[in-house]
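Pasting the structures here.
Two complexes are shown next, each including chain A; its partner changes from chain B in the first to chain C in the second.
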Partner chain A sequence: MIVAQFSDIGYVALLAALLVSAYSAVAAIVGRRVPALLTSAYRGVIAVASLVTLAALVLWLSLLNHDFGLRFVAETSSRSMDTLALLSAFWGGQEGSLLFWATMQALLMVLVLWKHRAQYPHLMPVIVAVLLSVQTFFLFVLTMVSNPFERVPLAPGDGRGLNPLLLDAGMRIHPPLLLTGYMSFSVPFAFAIAALVTGDLGRSWLKALRGWVLLSWAIQGAGLLMGAWWAYHVLGWGGYWGWDPVENAALLPWLIATALLHSIMVQERRGMLKVWNLGLAIGAFVLAVFGTFVVRSGVISSVHSFSLSVIGPYFFAFLTIVVLGAAGLLIYRLPSLKAEGHFDALLSREAGFLANNWLLLAVAGATFWGTIFPLLSEAIQGTKVAIGPQFYKQVNGPIFLGLIVLMGIGPLLAWRRTSRPSLLHNFTWPVVAAVAVTLALLALLGFATAGAAIAYGACTFVLGAIALEFARGVRTRKRAGSGPLRALRSLVAANRRRYGGYIVHLGIVAVAFGVIGSSFFQQTADIQLRPGESYTIGRYKVTYSGLSSYREPGVDAVAAALRVEGGNTSTLQLQAEKRVYTNWEQQPVTGVAIGTTFPWLDDVYILLTDSSTSGAAQVASFRIFINPLVSLIWFGGLLLLAGTVVAVWPHGLAVRRALPTTVPVPGGSLADA
Partner chain B sequence: MLRTLTLRASAALLLAWVLVWLLPTSALAQSQDQDLNQKVREIALTLRCPVCQNLSVADSPSQLATEMRAVIRQKLEAGASREEITQYFVQNYGNGILLDPPKEGFTLLIWLGAALAVVAGGLLMVVRVRSALASKAISTLPGECALPIVERDRYEAMLDAELSLYKSGEF
Partner chain C sequence: MAQELEWPVQAKKSWAGQFRVLLAGVLVLGGLAYLVMASLPQGTVYYQTVKELKAKPASAQPVRVAGIVASGSVQRASAPSRLSFDILDGSDRLPVTYSGVVPDIFGPGVQVVVEGQRDASGVFQAQTLLAKCPSRFAAVVPTPGGASQP
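What follows is the complex of A and B.
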C-alpha cells in the first residue's frame, strides 16, 4: 500500500506546473492568431508561478520538519541546525538550487507579464512563450531527473547536515543571489528572441531591455561580491577570488551583461550594433544556464564527472537547442538588421564603447577558455592539467588595466567625433595626475611592483576624469547661487543615468584599488607562538594571549585570543577559531580573525592552523596575512549598487518638482547619454 | 595622419602585450632579496594542493599542503634550486601538480588561444571602424540633424538652459 506523504504535494505541484507550462508555451505562440488561447496562456503563467511556489514552500517545510525520508533533506540538513540554517539548506544541493532557480524565474515571469503586457502586446506572446519554454525545461529536469522530492525507503534518524563551509551567513545570501541573477538573464534573452521572431527590430523595446539587463547585472554583481566576501571570511586562504571554475562561470554572464549595457547605448543613440546586441543578450543567457549547470554539478573538474552527471546530457541538449535556434533566427533576420548610422571617427564615444566590448569579451573569452581547457586536455590528451590563478592574472590583468583606462576616456568622448581641443580640455589634468602618481609610486616602492604603480596611475586617471566631470557640473550650478551639496544633488537628479554610471565607475575603481593592493602587497607568515609571545609582520605586532575552547550544539571550537598593535592605530583584539562540526570531523572549519586598521586600511587576517590544548603549554600555530586595502573592495561593491540604484531610480519622485528635467536642448535629451 | 598613427600604435601595443604573456612565468615573479619564507611561498604558489579544489599549496590550510611546504623548506635549506624542487614534485605527482600550465607542448595552446582571441577581436574591431571611416560621409539618422558634434557643448547648453530658468525664478 502506498501512503501519501506531505512532500508528495510538492512533487504533484511540480508535475502539474510542467504540464501547464508546456501547454501555455504552445498556447502563447498559437495565441498570436487566436486571442482566446493567448488569454489562457497568460493565465497559465500565473498558474505555473503559483504551483512552483507551492512546491518550494513544501520543500522548505520539509526541511523545517526534518522529514529525513526525503533524500534531499537528509543530505543537506540535520537536527542540530537552527531555523535560518535549515532555510538556507534549500540551496545546499543541486535539486534545491534548480528548484530555487525555477521558482524565481516563474515569479519573474509574472512580473514581466504584468509590467509589459499592455506596453508590448505584439512582443508579449513570444516573450511569454520563450520564458515558459525555459521554465518547462527546468520543470522537466526537476520532475524527471533531479527530483528534490525523491523519497528513500527507510528514513534515517538524523540527516548528514550541511557542509559546515556553507553554514556561514554569507551562504544565506550568496547562492540565492547568484541563482536569481542567473535566471534573470532569461528576460533579456526572451526580449531578443521576441524581437527576432516578430521582426520588430526597432527601438521601442530597447529601454525595457536595458532595464532588465541592468537588473540582471546588478543582482549577478551583488552575488559575485557576496561570493568573494564569503570566500574571504570563511575559506581561510587569505584571498577572495581564486579563478575557480564555479567563480568563473558566474563571472561570464556578468561580463557579457556589462558589455551589453554599454553597447546598447550605441544602438539607442546611433542605431548601430543591432546584431551584436541581440547576440550579447543571447550569449549572456547561454552562459547563465552554463553557470547554473556548473555551479552544483562539479562537472568542470573532470570529463568523467561530466558524463557521469545525470543532468549533464539534458543541459547540454538544452544549450545546443538554444544556441542553434537563436543563431538560426539571427541569420534569418540579418537583412533587416542593417545599421542606421556608422562610425564617423576613431575618437568617438561609439568607438570607445566598441573597444570596451572588445576588452570585456576578451576577458570573458580567456576566462571561458581557461575554464574548459582542463576538460579539453583530458578529452584530447588523456591527462588533466590545472589552470591556476596565474594564467588568469597574466592574461586578464592587463585587459582589466585597459578597461580601467577606457573607463576614464570613454565617458568624456563625444558621440560621432571628438575634437582635439575638447580632448586636451578634458584629459590634461587627469593625465598629469596619473603620471605623477605612477612616478611617485615607482620612486617610493621600486620597480619590482611597477605593475601596481601603473595600475594605480590608471585608477588616478579615472578618478581625475570623473572628479573633473562632477566639479564642472557643480561649479556651473553653484554660480547660480545654490550650495555645493544642493548643486551636486540637483546635478545627479537631472541626469540619473549619466551620474549613476559615474558612481558605478567610482565603485569599480574602489574595487580595483583593493584588488591591486592585495595582489601586489600581500604579506604572509606561518608562525608558532606560546602565550604571551609576539611576532612582527610589516608594521604590526601580533601578540598571542592564550587558548580557550567552547562547545555548542553540533560544534566543538577552539579559540585563540590575539592582540594587534602598531602602525599608529588603536589596538585590535581578535579571535581566531577552529571549529569541528559533528559529521564533518574530517573538515575542520577556520574562524578567520580579520581586523581592518585605520588609516592604512590593511586587513590583519589571522588563521589558527594548529593548537594543542593538552598540557599547560598552549602552543599554537598561526598563518598571518596582511591584506592591504581589501575593505575597499566591499566598499566599492556598495558604491556599485548605489550607483545602479541612482541610475534606475524612477523619474518624477520628489526631485522632479524641484527641477525641470525636460529642457529643450537641440538634438535631443542628454539624459540618455 | 593621426588615424594611421593610432592604428600603428595600437598594433604595437597589442604585440607587446602578447609577447609579455609568452615570457616564462618565473621571470615575472622574480624579485631580489627575499627571505626563506618568501621563497617557500613563491614555490608553493606554483603547486596545486592535491587534496583541494583549485587551491595552491601556499594557500591551502590542509594537512598535506602543510607537509609539502615543510618539504620545500627543507629542500631550500639543503640548497636545492627552485627548478629542482618543482621537478621533484612533478616526478612524485605528475604534471597535474603544477598550478600553472607550462608554456610548452600541449598547454602552450591555452596561452596561444587566449592571445589569438584578443588579437583577432582587436583586428576585427579596427577593420570595422576603418571600413566605416573609409566612406567619409557624416551619417545622420532619420529625424536627426547633423549638429555641431561636440557632446560637451550640448551638455553645457543644457546646464545653461536650466540655469536661466533658475535665475528667472521658475524653480
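What follows is the complex of A and C.
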C-alpha cells in the first residue's frame, strides 16, 4: 500500500513546475509570432514560480516537522537544532541548495517579467525563454537526479544534524547569498542572448543590463565577504581567504561582473566593445553555473568537502550547450556588432576601462587556471597535484596592484583623449602623496616589505585622486553659496552613478589596506602558558588568567580567559574557547577570541589549541595571531554596499542620458560615471 | 571635471592610438603568461601515495599524502605541543608528526591529507594537516602550518 506523504506535495509541485517550465519556454519562442501563446508563456512564469516556491515551503516545513523519512531532512537536521538552524539546514546539502537556486531564479524571473514586459516587448519573449530554459534544467536535475523529496523506507528516529561549524550566523547568510548571486547572473545572460537572437544590438537595453549586472555583482560581493567573515570568525585558522577551489569559483563570476560593469560604460558612451560585453555577460553566467556545480559536486578536492555526486555529467552537458549556443549566436551576429567608435589614444577613458578589463580578466584567467589545473593534471598526466595559495598570491598580487593604480587613474581620464595640462592638474598631488607614503614606509619598515610600501603608495594615490575629486566638486558648489555638507550632498545627488562609484572605489581601497596589512605583517606564535603567565607578541602583552568550563544543551565548553595589554590601547578581555558538540560525534569546535585594538586596528586573534582541566595546573596552549587591519576589510565591504546603493538610487538613474558618440563632449567627464 | 579636449576630434581612425592600445594588450598578456609560468612551480604540491613516497629517498620537496588515521596511533605530547599518528593508505602505513593547530574533526578513522617531507628516519614531518569528512557534507578546517595565509 502506498501512503501519500506530506512531502510528496513538494515532489509533485516540482514535477508540475518542470512540465509548465518546459512548455512555457517553447511557447515563449513560438509566441513571438503567436500572441496568444506568448500570453500563456508569461502566465507559465507565474505558475512555475508559485509551484517551485510551494516545493521550497514544503521542504522547509518538513525540516521544521522533523520528517526524517526524507533522506535530505535526516542528513542535514536533527531534533536538537533550533528553528533558525532548521531553516538554514535548507542549504546544508546539495538537493536543498539546488532547490534554493531554482526558487530564487523563479522569483527573479517574475520580477524581470513585471519590470520589463512593457519596456522591451520585442526582447521579453527571448529573455523569458532563456530564463525558463535555465529553470527547466534545474527542475530536471531536482526531479530526476538530485531529489530533495526522496524518501527512505525506514525513517530514523533522529537525523544526523548539521555540522556544528555550520551552525553560525555567518553560515546562515553566506550560502543563500552566494546561491542567489550565482542564479542572478542568469538575467544579464538572458538579456545578452535576447539581443543576439532578436538582432536588437542597439543601446536601448544597456541601462537595464547594467542594473542587473550591478545587482548580481553586489549580491555576489556580499556573499564573498560574508564567506570570508565566517572563515575568519568561525573556522579559526587566522585567515579569511585561502584560495580554495570553492572560493575561487565564487570569485570568478564576480570578477567578470566587475569587468562588465566598467566596459559597459564604453558601449554606452562610444558604442564600442559590443562583442566583448556580450561575451562577458555570457561568461559570467557560465562561470556562475560552474561555481554552483563546483560547490556542490566535489569535482575538485576542496576544504569544502561536499560529497561527490552524480550531478556532474548533467552540469557539464548544460554548460557545453550554453557555451556552444552562445558562441554560435555571437559569431552569427558578428557582422552587426561593429564598433561605432574606435580608440584614439592610450590616455583616454575608454583605454583605461579596457586596461581595467584586461587586468580583471587576467586575475580571473589565472584563478580559473589554478582551480582547474589539478583536474587537467590528473586527467592528462595522471599526477595528482594541489595548487597552493602561494601561486595565487604571486600571480594575482601584482595584477591587483595594477588594478588599484588604474582605479586612481581611470575615472580622471577624459573620453577619447586626455590633455597634458589635465593630467598634471589631476595627478600631481596624488602622485606626490603616493611617493611620499612609499618612501616613508620604506624608511620606517625597511626593504623587506617593499611590496607593502609600494602597495600602500598605490592606495594613497587612489585616495588622493578621489579626495581631490570630492574636494573640487564641493568647492564649486560652495561657491554657489551652500555649506560644505550640503554641497557634498547635492554633489552626490546630482551624479549618483559617478559618486556611488567613487564610494565603491573607496571601499575597495579599504579592503586592500586590510589585505595588504594582514598579508605582509601578520605575526604568529604557538605558546603554552600557566595561569598568570604572559607572553609578549608585537606591541601586545597577552596574559592568561585561567580556565573555566560551562555546559549548554549539546555543548560542553572549556574557556580560557585572556587579557591583552600594550600598544597604548585600553585593556582587552578575551575568551578563547573549545566547544565540544556532544550531539555531533564529540566534535570540538574552536571558539576564536578576537579583539581589535585602537588606534592600531590590529586584530589580536587567539585560539585555544589544547588545555588540561585535570589537576590544578590548568596549563593551556594557544596559537596567537596578530592580524593588522583586518577590520578594514569588513568596513570596506560596508562601503561597497553603500556605494552600490548610492549608484542605483532611482533618481540618479533617471537624470542620466546616454550621449551620442559622434558629438564630442566639451567638459569631458561631467555626465558619466 | 576639469578635462579639456585640446585636439579637435578626428573622424578617421588614429592608427597610432589603436596600435598603442594593442601593444599594451600584448604586454599585459605576456606579463600574465610569465607570472603564471614563474609561479606555477612554487604553488604546486604533488600528491603521492604512501607506497610512492617510501620508494623514494628523503627529499626537501614538500608533497601531499592522503590516508586514514590509524586507530590507536594518535599520541599527543605537550611542551612543545606535538601530535604524532600513523596514516593508512590501503595496507601501507606512514608515521607522521605534526605541531600546530589540529583540525577540530581530527581523530582516528578520519581521512586526512598531510603536507610536508619525509625525514631520513622515515617519519613524515607535516607542516599542514587537513582533515576530511568523506561520509557527509561538512566544511573541513584548513590549518596552515608555518607563517600562515591570511
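In the analysis below, the second predicted complex is superposed on the first by the 639 of 673 C-alpha atoms of A that agree within 3 Å, B and C clash if a C-alpha of one lies under 4 Å from a C-alpha of the other, contacts with A are read in each partner's own complex, and residues count from 1 in each chain.
One rule holds for everything that comes next: contacts are C-beta pairs under 8 Å (C-beta built on N, C-alpha and C of every residue); 3 or more make two chains touch, one makes a residue touch a chain.
These numbers were taken from a predicted model, which means no experiment stands behind them.
With both complexes brought onto chain A, simultaneous placement of chain B and chain C is prevented by a clash. In the superposition on chain A, contact is made by A:G370 with both chain B and chain C. Of the two partner chains, chain B is the only one that A:R270 touches; chain C does not reach it.
Once chain A of one complex is fitted onto chain A of the other, the partner contacts of A:G242 extend to both chain B and chain C. By the touch criterion defined above, A:A494 reaches chain B but does not reach chain C. Of the two partner chains placed by superposition, A:S534 touches none, neither chain B nor chain C. Of the two partner chains, neither chain B nor chain C is touched by A:S545. Applying the stated contact rule after C-alpha superposition, one finds that A:N163 touches chain C and leaves chain B untouched. Using the contact criterion defined above for the overlaid structures, shared-chain residue A:A525 touches chain B, although it does not reach chain C.
Contacts of A:Q94 after superposition on the shared chain: chain C is touched, whereas chain B is not. Comparing the two interfaces of chain A, the one with chain B and the one with chain C have residues 236-239, 242-244, 342-346, 351, 354-355, 358, 362, 365-366, 369-370, 373, 383-391, 394-395, 398-399, 412-414, 416-419, 422, 425-426, 473, 476, 524, 526, 590, 607, 609, 623, 664-668, 670 in common. Listed in rising order, the residues of chain C touching chain A in the complex are 1-10, 13-14, 17-18, 20-21, 24-25, 28-29, 32, 35-36, 38-40, 42-47, 64, 76, 78-81, 99-102, 104-105, 115, 130, 132-144, 147-150. Interface of chain A with chain B (complex): residues 236-239, 242-245, 270-271, 301, 340-346, 349, 351, 354-355, 358, 361-362, 365-366, 369-370, 373, 377, 380-381, 383-391, 394-395, 398-399, 412-419, 422, 425-426, 448, 473, 476-477, 479-481, 494, 524-526, 590, 607, 609, 623, 658-660, 663-668, 670, 673. If you check the complex, the residues on chain A that touch chain C are 75-76, 92-94, 160, 163, 165-166, 235-244, 303-307, 342-346, 348, 351, 354-355, 358-359, 362, 365-366, 369-370, 373, 383-395, 398-399, 412-414, 416-419, 421-422, 425-426, 469, 472-473, 476, 515, 518-519, 522, 524, 526, 528, 587-590, 607, 609-610, 612, 619, 621, 623, 625, 627, 630, 664-670. Those residues of chain B that touch chain A in the shared complex are 3, 6, 17, 20-21, 25, 28, 31-32, 37, 41, 46, 48, 53-56, 59-61, 66, 69, 94-101, 106-107, 109-111, 113-114, 117-118, 121-122, 125, 128-129, 132-133, 135, 138-142, 144-145, 147, 149-152, 154-163, 165-167, 170-171.
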